[in-house]
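Structures incoming, each one as structure tokens.
Each of the next two complexes has chain A plus one other chain: chain B in the first, chain C in the second.
For the complex of A and B:
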């Protein structure tokens, strides 16, 4: 506890709060996203002290995930993908003139979910790190492969397209000097590519500029906001769904901890569970049931703590935002992995402390400010999009101070836009981009070790963790092949 | 049937990714054969070859999906492609302005905040104004204040307060 408090300072708290305020607006305004804001923050905060940068980033992350619910409730457009499920009951409730009630529920249960996930992070990070020390190169490769296989299945209706997106990300990650022997690969003779593709311009392009182009393509430039009533509610009345909230938070934490899965999956899963468990809600699901908001918001916020577990202990991010946060770590010279908690205890404590402070900020901002920001949410997109484009340029440039990265950002933005139009999700590409070099180096290390072993096959897959990860990966892939899907459906029938 | 296949997105994309996978495979094999290290387990081109094979296999699956769906109607996904092209043109012009034009660097300090006037400020103001105008903003007040306020805010925030370099 004393170690955690040693990180605490007025500046630290202020930075978390500043990040939280930014997260509230970024998450709530459709067209801006937490991923985009975090990517921009990487470039802004790279000259800062590590703990200051982490304070700001965690503020944006924790409150940004919650505030996606604000626009989901008020204008039926989720500010973040994890808030898609909140629209199902939040918006119908708002249309009945109970927008304040919906926001109140979303805030309280987002807070509970966030705290649950972070407590799980604090308790489980140590044991998972101890387990991770036993990981071999092949295990790291398979864990990353498992993440890509999972994210490919949950982010796209078409599994093949999800995997193609991941394969494209792997190709991009290979550009530059190879991680083991330093041979230049796929640089096309361009000297600026020898250092590889920087993650920041790629992420800013895929999430920021691609979003700008998509909105312009769709042509929806304005939105109408539901009016806000201020009906009184007792906290006891609101908290009577605590059991459902804890169950949803548990699901959210588990799903978040799976590499590749994330908030949207957790929210859908918890919503379906809530529908299964609560047979007679006061209002039917889909027509303004508060239980739907409780399940969705508890689980998607619990994902935050869950997603940080594999990121900190195994350097395998749980979702797109943690993939970007991982690049914050690399920019600041930190190395997440089994030894992270021991070697960079201060940074681990900073993350925990910043996240808990951000939870407090979430409660304050959600109850006091969120109901009053309807005018900001309704900023016409023809004003917002040009500003976002300039922010993308600044963010891409600030990373390495070279215009070449701005050009790269535009290229990735165009690629991201085309991928969206054709149903290819960006998340697998981002995960592959971040994990590609780790996969490459660990796979080759495993192959080199197997080459000198008596039995190469046993050397590669004979370890219990390796066998477990291999089975998990194969199961994920098989479960997404139409033939096996039909087989399991027939058995269920 | 031939016409339907030509307009099938999965087929088009399948062919594209098959070509990409083929090119990557050839690059990996060629580069490995020219490299000093002939041991595949230590080759820098092992991973590209594996990814190329994976992409090729996925492209074939996409082609199969495309052939099966050849008779199905492609979902109409209308949108304003022309607007996207125009916006891309504008961002390209903005990028070129930042890359090519070199303006003298003027700075003035007001209440300990340094206001700067250089290529970034002028190009950003012009870009915001033109793009907003193109996207349908007609209010003169908005057209003047938003680009000006954004440019000043970014300049002061990044250059002076955060000490981050701007293009």
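For the complex of A and C:
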């Protein structure tokens, strides 16, 4: 304990807080992402002391993941893929004039999720990383497939439309250099497509620009939201969902610890679980159920601690942000790996301490800002939309410094707009885009391994984790087929 | 009067451009890293940029422009004017873009300011592996051709290329592609793949923690930092011809056609940086190959890249990894 506190100084706390404020803004502004901000910080903090750099980066990370929910709730544009699920119930709630309530829940449960994940990091880094190593290529594929199978049922009343959206996303994710052969595919001879479709322009287009187009098309330009409710909430009332939150946090930590899956999968899985477990929410899911916000925000913030586990103990980043934090380590001469927590104890403590302080900052900033920022929902659309459009362009450009990505953003905006008009949800497409490359390469890797194994079938499916994931996936798909739905209903009756 | 004005304007412009040439750099410089932040290229590029800033007296903005094995960022640099204001730190994929069918760029399209470092690779197996020496591993490969699995960092990448050397000498291994060197290493630690050849810069602590058994340095010489690990050529001497080059090669370059005085200014500044204590210490800590000291004159540098390109491109083509024949680009067989 004394070791941990030796890192602590006024400067340290201030830097974490500064990072937190920065994280609040980049996370909440659609298009500006946390990974972008941390990448910028790598250059700024290059000459700093290691602990100072870590303090700032962790502040941005923890609060940035939370504040993706702010824009998701207020303007239906998630700040990052992991906040996509928050839009499902957050935005409907805001439209009913309860933006403050939605933000309050998001703040409280992001805090709980973050703390849960970080406690797991502090206490269970070893065992969790050993579990992560047990995941085979087939398991990563199945986990992603499971995520996509659930997403259809989560985001739309029409399961098939959800799956079609996911399939579209998968096709788009195949564009670029083949991960196993290394030659270009589906690039149509356009050299800029060789790099594949980045997530940010797609996300910003599908949610941000598509929203702008929809509002213009519907002609609701000057319409403001119905009266702002400012209902008083007792903490006891809000904390009623602690069981769901802990379960979601657990899922978030575990999924976060698996490299490549990360926040969006965790949020979708938790949301699906919440839907399964809570039969009678006060408000139906998708129309402003606070349980949806609880599940999504607890799990995506718990991913922070989860994603740090493989980064610190295996030097494999769990998501885009930890990949950049890894470079902060290398730049400062630190070597994450199996010996890291033992050998560089002081840096490990600095990370933990900075993260916990950032959790505090999250709570303070969230509660301070929520009542003020929730007024954004009442800003007339003819003022808000031009600003959103500019941010969409800036965000798409900034993600890889290419004008090409801005063009992509517009294309995705148009696609998203058309999908909306026909009732196809955009969320499965985003998730499929994030997961497609992993699915593709892991499935083919599993096949390559099976091809040279003595018994191909055992190599593919003969492991407990694989079998478990396979059963889960099959069950999700079956439970959504009308025939089986009728069957289970009849049994109950 | 009007004529005088034009003459004066022309004079001023000439003078201005002459001054600009004499004073490179007179405005901030951009350095493109064609990979995402966090990788080896990024880390070395940023270290170089920070030290180079002090020498050039202008700030250097490092921009990560990743994608398609670094070809997106490299193409961007190639599309900029050849004025020395857009620098590039690239990896070895530059030598194989054309034959892999990725894009039309090669080392010839750029002027190398200096090679930076190579990252040595080590052949490792998991701690529970039945193989304890390189001889045992090679014997097993001979015994069951195509059944022993090797994880590598990605198609056409350094780990893959080096693994192809095994095939040249009749060791038929099943190559399994992963998303990164670290992911390949985890495949071995998790017991899914038999062996891999990670960069020493990422491997260090795994040797100490005992999670992997190092069998050999995949090169023609042992490493200073690990004198007990034998070199691959001690067991397979005939591989010397393929292993006297590093397979991970970082290079600092500008677009070909950049004015000579700008190149000279960059070379001078870079020379000072590479000799500095900070750089030397950084390279030592990472146990990297010091190719920046090995190849310094223009002939040596050109000779090195030509040789590298010829060895690797032909090996890839012969193994069926590269779809385009190196002959198409006039690359001769080694």
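We take it that the second predicted complex is superposed on the first by the 266 of 493 C-alpha atoms of A that agree within 3 Å, B and C clash if a C-alpha of one lies under 4 Å from a C-alpha of the other, contacts with A are read in each partner's own complex, and residues count from 1 in each chain.
Throughout what follows, a contact is a pair of C-beta atoms (placed from the backbone, for glycine too) under 8 Å apart; a residue touches a chain by one contact, two chains touch by 3 or more.
Since the structure is predicted, the reported quantities are computational estimates derived from the model, not experimental observations.
Q: Just checking: does A:316 make contact with chain B only, chain C only, both, or neither of them? Give me first, second, both or neither.
A: So A:316 only meets chain C here.
Q: Quick check for you: in the superposed arrangement, does A:333 touch first (chain B), second (chain C), both or neither?
A: In the superposition, A:333 contacts chain C only.
Q: Using the touch definition from the top, say if A:133 reaches chain B (first), chain C (second), both or neither.
A: So A:133 only meets chain C here.
Q: By the touch definition at the top of the document, which applies to A:181: first (chain B), second (chain C), both, or neither?
A: both
Q: For A:405, using the defined touch cut-off, is the partner it touches chain B, chain C, both, or neither? Pick first, second, both or neither.
A: Once the two structures are laid over each other on A, A:405 reaches no partner at all.
Q: Just checking: does A:382 make contact with chain B only, chain C only, both, or neither of them? Give me first, second, both or neither.
A: In the superposition, A:382 touches chain B alone.
Q: Check the residue A:52 against both partner chains and state whether it touches chain B (first), chain C (second), both, or neither.
A: neither
Q: May I ask you to decide whether A:43 touches chain B, chain C, both, or neither, giving the answer as first, second, both or neither?
A: both
Q: With the two complexes superposed on chain A, say which partner A:448 touches: chain B (first), chain C (second), both, or neither.
A: both
Q: Kindly list the residues of chain A that each of chain B and chain C touches, one partner per complex.
A: Touching chain B and chain C on chain A: residues 43, 47, 178, 180-181, 183, 401, 448, 451.
Q: In the complex of these two chains, what residues of chain A are touching chain B?
A: Going through chain A, the ones touching chain B are 43-44, 47, 158, 160-161, 163-164, 167-168, 170-171, 174, 178, 180-181, 183, 185-186, 212-213, 216-219, 221, 380-383, 385-387, 389-391, 393-394, 397-398, 401, 403, 406-407, 410, 414, 417, 421-422, 439-440, 443-444, 447-448, 450-451.
Q: Okay, in this complex, where on chain A does chain C touch?
A: Interface residues on the chain A side: 39, 42-43, 46-47, 133-137, 176-184, 191-192, 194-196, 198, 259-260, 314-317, 323-327, 330-331, 333, 335, 337-340, 343, 400-402, 438, 441, 445, 448-449, 451-452.
Q: If we count contacts the way the header does, which residues on chain B are in touch with chain A in the complex?
A: Residues 9, 13, 17, 20, 24, 27, 31, 35, 37, 39, 41-42, 44-48, 50-51, 54-55, 58-59, 61-62, 65, 77, 79-81, 83-84, 87-88, 91-92, 94-95, 98-99, 124, 127-128, 131-132, 135-137, 142, 146-147, 150, 154, 158, 162-167.
Q: State the interface residues of chain C toward chain A in the complex, per the touch definition above.
A: Result: residues 36-39, 42-43, 46-47, 50, 61-69, 71-72, 75-76, 100-103, 146-147, 149, 154-157, 174, 176-180, 182-183, 186-187, 189-190, 192-193, 202, 204-206, 208-209, 211, 282, 285, 321, 323 of chain C touch chain A.
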